[in-house]
């Protein structure tokens, strides 16, 4: 359908992205520009943004936090942040986040197997000690947050992380413990594009 | 000390609020105004805000999401949102959040026992069916997010929640699954004021 | 009401202290004297005693064991025994015991924050190595009794405990694993006095 | 050795019954009579009594509570109380209690297979609805005490239990949650006699 | 390399398929024919067969059981058996089996999304009641085998399964609880071909 | 009945050995010989074989794998393999396997107490370091297969196991994770003979 191709937002809304019936709010100029930029850069608006679009203050707050955590400068690389996202989502078995961020790990690493391994069991991946420490911390903070203590922070310092880096590991881990639960609680559906994205190794 | 009374931010920073050494960023006017308003209204700046103040974009994003979820209009009362916050934090055994939001439940309900009960075991509280359904959903979404399905949403609809209300239950639950983990991962310390706040029943 | 002030036992029985309808047995002289002494010293009869008072042999056996474990001479201080009681009750999320023994920790330590921390997550408290070893042992024996072995006893010996002290840690931990279950199984209600007791730091 | 046969207490003490070195206290007349009666009736003093015999007040309190719970009149038969003891000890994997009380179930029921089934997995036994309800309640109260509520008490009432019977189920379950932990924490060794006792079906 | 293309067995052995150094046994004619048939039909010998090839009786027994369970006539379709394999392997987080059998679900169903959903969280898949009952039974038998009882078998009968079908569900579930543990215990590596297989929907 | 004594297979089939109604297939000569040999050597056909006898290919595959794992030459003694079987079955609380293989440990060790200890809690047994390492590995692989890694294999190497021995530990552990689930899923009943077998210490 010609119109849909021109207007992916309306098209995605037509196919409901969550189990909740929450009609999209009229988009303000900034949000429309943000969505347009998504379509321009990646070809679609991620469904999580459409899910939040019933209420612009909620969408704006979510996007601000997400973009700061995942895209702003940090001692953690973007790939490391995505690896944490997937390891956390694997503990929580979140279909939306594993699909979307599994694709991101495949893309950013150029290594499709790595994305699959972290979805399935990060212990099966051949990680360097820093990556392993990041994921061990993220998984423990996800599974037994009450048991995280100074020894766990020391484990991160031992592979070279600064206090600011430790904050970022904690904050990314914590963020996906939030997102996983919003996605599962609302039965959020991932965009179909993630399924086939970056399935072959980069050259 | 006179100066501390005049400048609670500097005072709180002096007594480190987390286990991480992250010096406070220079506050911009908006943040300074926000902190001043906190002091004016409740007598102190909550330590969670001081913990984020090493990086203003992070602080701003956190505060925007928090204020929207906990203070903006919603089909859930402010007390119900705080009850969810405490029930979630009890599962995750988060010292900071149980202290701060336990005080909020005591204050908003005028019932100090209710705050204690939700900290200790919400099943011991005498809740009405709607409150019980909210906390059952929040606790399940916290403990076993992967197992939340349509039947759980139906349980909320059965006590009168709209789809928008269900989003809010999910979002508040999810938010504290994030905050609990940032607080525990950084050993965040609550303000001393929470300890004695609203310990006697309201008249 | 004048009469109630004179006869707190009858008053408390009127307000049922458990979910079970078990009328109080006629008190013999020794039990009446014990209850009178409670009222004289602390102003009330703890509801757990009223709960057992439907059968005097059960009450007597319970009180004998309780008083021996918590009040008789031991290598563990009374505060240490109460800290164990609260740490165990926190694992089991026992509303009655957390309320009553949380108050005891606040009173005996003169540190209201310490009581709250052990209720919420003992790992957040600033414990000395001996206290930490006691609570680590008590929590492991509560959560995974089958996994306690010589290495765990060695952990207690390493902070100076004798074999007799180890018995006492085990016995207090075990006792509250019993009491927590009697209290929860019968929906036992704590006396209102615990709620406000020792909420402000001792001078 | 002639002397050992005449003095099983000394003999058992010689072979330490726990991992703790706690010399037996001089026995008072009542305790000596109690031990003599054990030897007369069953041929030995149960090691749990020897384990407590380092301190007579502790031994007396333990024996008083045990004898009241397991031997005094109750709406629960002695076999039912022993079945609960074994089902609880199976959850906690307590070697001492499974050995001693598994033998008791075999003896009292005249059905050796029943004892084995409750040790291994009570769901494999062919229980009548009342027995099944007793063990379901006991196992839930052992595994997740915080989740026991009115619906669980209603399950016991549905198979005919009175409020007093419910107390007894709770109290026996709770008692073995205590005993299991004292036994495991001290590596208590069962008397050898339990091993071969009642292994063949009663006629 | 020409030779490797002609001799995939030797090639795969060169790249060790497990963490154990177990040289391949000389293949007898039947095994060589089996491996040749694998190469002819799917282009490679599955690494699990190479892992067992250090000992031909073990390989033969494994292959006989696997082929009977997964390929012989059954009231369960081949796709249903593969869906069970993946749901079980997801609980056990087995990298080898999720990779190999996830590919099988994608291939047999012609629905790549279905394979991903069962790897990630089968509750997110749009299953018909029979498929859902199969996977619910398989997951319960994997997670808490001791709790499976007549009511669980009744759940399978309610969607039309015969007693023979119930055996097959149990046997396939049980088999992958075995295979998952052999694979993880030996760090078994899946063939690279699974990664890209059947990633696009069938026409 | 005379005939039953002569024909234990028919007799056992008459008393159904599982909850499934699966009539025995006509036995081929090899299977009949296998069953005859069981009767000749141990006096009965183990019920697990009768359970599989509704389908001869399944029975043959099961028996081939079982006999290879438990009876063929291995660096693990037959007793060690049976100890692993029992430790695994204890985690999974499998009534059939604990009964049958508990008897095997009693018989092979000549130590009835050892069999009971591994059924109840293998940590209570006095094991040598090699036995302890075997059972620790088997229990971890059973409880948390996803967490088994190189460090666990190193633990086996440290007590002298070869790579081939490690395979055998893994394979026996894995096999009983399969058998436990087939037995529980079908409510398989053990032969009565196991109950009384080897209950007294060997001379």
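Which chain is which? They are A, B, C, D, E and F, in the order written, and residues in each are numbered from 1.
Rule of thumb we're sticking to: a contact is a pair of C-beta atoms (placed from the backbone, for glycine too) under 8 Å apart; a residue touches a chain by one contact, two chains touch by 3 or more.
As the structure is a prediction and not an experimental result, all values here were calculated from the model.
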item: Shortest chain-hopping distance from subunit C out to subunit F; value: 1
item: Partner chains shared by subunit C and subunit E (touch criterion as defined above); value: A, B, D, F
item: Selected interface, B-D versus B-C, where C-beta contact pairs are more numerous; value: B-C
item: Intercentroid distance (Cα basis), subunit C paired with subunit A, Å; value: 46
item: Euclidean distance of C-alpha centroids - subunit A vs subunit B, Å; value: 24
item: Whole-Å gap between the CA centroids of subunit A and subunit D; value: 53
item: Centre distance in Å when subunit A and subunit E are each reduced to the mean of their C-alpha atoms; value: 30
item: Multi-chain contact sites of subunit B, meaning residues that touch two or more partners; value: 93-94, 121, 146, 149, 184, 187
item: Chain contact topology (line, ring, star, complete or other); value: other
item: All touching chain pairs, where touch follows the definition stated at the start; value: A-B, A-C, A-E, A-F, B-C, B-D, B-E, C-D, C-F, D-E, D-F, E-F
item: Touching residues on subunit B, where the partner in the complex is subunit A; value: 19-22, 54, 57-58, 60-62, 64-65, 68, 72, 92-94, 141-142, 145-146, 148-150, 152-153, 163-164, 166-167, 169-171, 173-175, 177-182, 184-187
item: Contact footprint of subunit D on subunit F as seen in their complex; value: 90, 93-95, 98-99, 112-113, 116-117, 119-121, 124, 184, 187, 192, 195-196, 199-200
item: Complex contact set, residues of subunit F against subunit C; value: 121, 123
item: Sites on subunit D touched by subunit B in the complex; value: 146-147, 149
